[in-house]
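In what follows, a single structure is set out as structure tokens and then discussed.
Letters A, B and C name the chains as they come in the text, with residue numbers starting at 1 for each one.
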Amino acid sequence: MLEYVLRRIVATIPVLLLVAIIVFSLLYLAPGDPAAVLAGDQASAEEIARIRSSLGLDQSFLQRFLQWGGGVLRGDLGQSVFSGRPVTSLIAQRLEPTIALTVLSLLVALLIAIPLGVLAAWKPGSWLDRGAMGFAVLGFSVPVFVLSYCLILLLAVALPVLPVQGYKPLMDGIGPFLRHMILPAFALGVLNAALIARTTRAAMLEVLRQDYIRTAQAKGLPVMRVLIGHALKNAAIPIVTIIGISFAMLISGVVVTETVFNIPGVGRLTVDAILRRDYPVIQGVILLFSVAYVLLNLLIDLSYGLFDPRIRL
Amino acid sequence: MSARQPLLVIDHLAVEFRGRDGTTRAVDDVSLTLHAGEILALVGESGSGKSVTSLAALRLIPDPPGKIVAGTIRLDGIDLASLDDRALRRVRGKDLAMIFQDPMSSLNPVLTIGQQIGEAIRLHEGGSDEAVRARIIEVLELVRIPQADMRIDQYPHQLSGGMRQRVMIAMALSCGPRVLIADEPTTALDVTIQAQILALLRDLRERLGMAILLITHDLGVVAENADRVIVLYGGRKVEEGPVDALIRNPRHPYTRGLLGSMPHLDSAISDDAHARLVEIPGAVPHNAGSLPGCGFAARCPLADDHCRTNRPPLTAVGADRLSACWKHDQLAGGAA
Amino acid sequence: MTAGVAQAMRQHRGAAVGAALLAAMALAAIAAPLIAPIDPQLIAPFDRLQDPDARYWFGTDQIGRDVFSRTVYGARVSMMVGCVVALTAIFSGLLLGLLAGFIRWVDGILMRVMDGLMAIPSILLAIALVAISGPSIRSIVIAITIAEVPRVTRLVRGQVIALRGQLFIEAATTAGTSVPVILYRHIVPNLLAPLLVQASYVFAAAVMTEAVLSFIGAGVPPETPSWGNIISEGRTVFQLAPHIVLFPSLVLSVMVLSVNILGDGLRDAFDPRFTGQP
């Protein structure tokens, strides 16, 4: 078990390193001269050169990568070109709404997708199954901002029960926080549910064909006990795997959803940074999201043993 | 036949499966009666309808594509078709338990032995966690699993094939069923383990007074273990009788074929318990049940035009014996 | 191959409908100047934020441009991005996948790079690439292509390795056949069906990604009417004039849906394992 965990952890190191190289290259290749920007309009060529060497911009790619990488490991992601503030603290400030939106929409997705996938697989070909799979294709096809605007129009404009946009931190109380979170979390969750529902159905169909399902029925277990106690646990590995993979889609969705609902999160920070060509911020955000994605998938790999005792060896 | 009250009675059962190319009748007009303490064997090649019959008894035919289209199944006089799902679930695993062919695929790989046996006990009998655990260990010991208190927390993949089948049996026995259906319980196991498992089943029958419906394709297993035999072919019953008489003197050419004993029938098969059955030329026709004549005619050495156009009825051919063959007279008295 | 496509059309009504809708939108995109009643860039200061009517079918935006005409022209951007990305991603993926599948040392390096690229969520990767190369249709196409190539490469490599193991390839190799001939005769024909299916998914993803990038301001230049741009511009006046956002949104969703349904139909037709499933 310990050896398995260690092997998986060691295997993610080269991936993280590659991500770091790619993300660093993006800044390296970025147009414009940060030294010139920092020096201001009136600076002389000597001044710019001095700033450049003080920033280490005259060094080789490798030297600069090592320097940057060392900073990253210490939690230093550089400074915003726009505000001059450390990227790390800019991100830290914006983290709460983004984590809240991610967790809540994942919750919504699971609450929709798992029951839907299980029931669809239980009665393949039924109207429920067809409906669930129709929903899945629709979920792949509707961009998150489209669903968001439809929901806003419906539940905030035509029937004004929820706020159109904005964010209230958890500190202001759970009520206002949730009222502002319902629409974005629902929009993002529903679309994310499509992929998870489709995978749940496929995995359940495979499991429900197995002999041990018949054994469970022969024992006299009720349908729900057979589906959940016996089948779903066996289908868990493909399902948690797709949850990990869908996290990439969720991140893209977060960036868009925060824009639509004007939520001051990391996604909104990214969009502002794009508009301002604030490359260090873009770079920091991409690195953060990518590392989170890789680590989440590592955790999911490590969780397989919880679902299947045969993997614990 | 004795005047004892029969436990399980299947009357004129018919099961159909809908497929891409039309409907197939997997079981056609099969009746059987099982008494307490009796071992009744259902014998036939694959496709003969023996497994479908046993699944139908528990109403476990997957629907769709399968469907019981005719017949009744009565357990202790109660028609199982009349029960709603909830009442039916109370019968399954409690009065009527089943063990399956492949103990590896029939046990859930992600649940421990104890969880799998325990859930049936909890469902049908209830009781505290300690009482359930004690009962699980008791049934594991009943099927002679050593170190039951350790095995209870293991997963199926940690056990050998024979051990897994013992677990299946323990699970089936856990709620004290009166009828045990054993669908090819030893096919997936090697020979010495086979003998042990069958001896265990016989012993449990003696001690618990269970009735056993033993489904097998192996007449050697039948000869050693069953009291009575029903031979199925193409979904129909072709012969029935007490095991000794039927094996000594089969009254249907198919049974003879299964025994592979046309030339020297009298060399009693019990001498060689695992006598290899000689392959009967050809295979069970897909549509045997829908042919106008005898389903076996195409493979039968005795068949004539009459056999091919007229379906032979089940006829009494001696004490407690039935045969569905126009030529059963020719087969009377041993070698033809 | 052609038979498979025909079969998909016959067996899956959805696939046929998807193909028809897609064809209609392609035609509309090509014939945009004929279909659009008004110049998409024409500013009509007195007709700002008009609701949909007989003259402005989809209404007008905040500077009085005709949303219907802009949407029709937007189809050009989406179609172009979808087609070009699908083609370049499939061909680059095919090339890289073949290299990885046949040459060991290339495999090691290439697949690690692909792992690294796949570890970055594709929208973020595209955002970063557009950010460094500047907003233009060309850089959008390149960015989305780079984000989609790893998946295609993996697919091709997996198929090549599986096919290589199969007997008929071994037989062909031992008979002294050269690698290009093996490729041409055995590998590529077997890859056509999965690649066609993949192409439809890449197309859908590209159309979607372009819209998202334009929506968040990292897409095609704002003066180009693309669906993402129209929606993004309508965002600020959404409560006042929801039609600016809703019509292009609807058309965008229908296009992606058509391609996805078409892809699912093709997949079912080519892969017998999926047959019979809705």
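Quick note on the criterion: a contact is a pair of C-beta atoms (placed from the backbone, for glycine too) under 8 Å apart; a residue touches a chain by one contact, two chains touch by 3 or more.
Not measured: the values here are computed from a predicted model.
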Any chain in contact with chain B as well as chain C: A
Chain whose Cα mean lies nearest the overall Cα mean: A
Chain pair with the higher count of C-beta pairs in contact (A-B, A-C): A-C
CA centroid of chain B to CA centroid of chain C, Å: 57
Approximate Å spacing (C-alpha centroids) for the pair chain A, chain C: 22
Cα-centroid distance, chain A relative to chain B, in whole angstrom: 54
Chain A, residues touching no fewer than two other chains: none
Touching two or more other chains - residues of chain B: none
Contacting residues of chain A [partner chain B, same complex]: 210-212, 214-223, 225, 229-230, 233-234, 307-310
Residues of chain B touching chain A in the complex: 58, 60, 85, 88-94, 97-98, 100, 102, 105-111, 119-120, 123-124, 155, 157, 168, 171
Contact set on chain C toward chain A in their complex: 112-113, 115-117, 119-125, 127-132, 134, 204, 208, 211-212, 215-218, 231, 235, 238-239, 242, 245-246, 249-250, 252-253, 256-257, 260-261, 264, 277-278
Interfacial residue positions of chain A with respect to chain C in the complex: 14-16, 18-19, 21-23, 26, 29-31, 124-125, 129-130, 133-134, 137-138, 140-143, 145-146, 149-150, 152-153, 157, 164, 248-249, 251-252, 255-256, 259-260, 270-271, 274-275, 277, 279, 282-283, 285-286, 289-290, 293-294
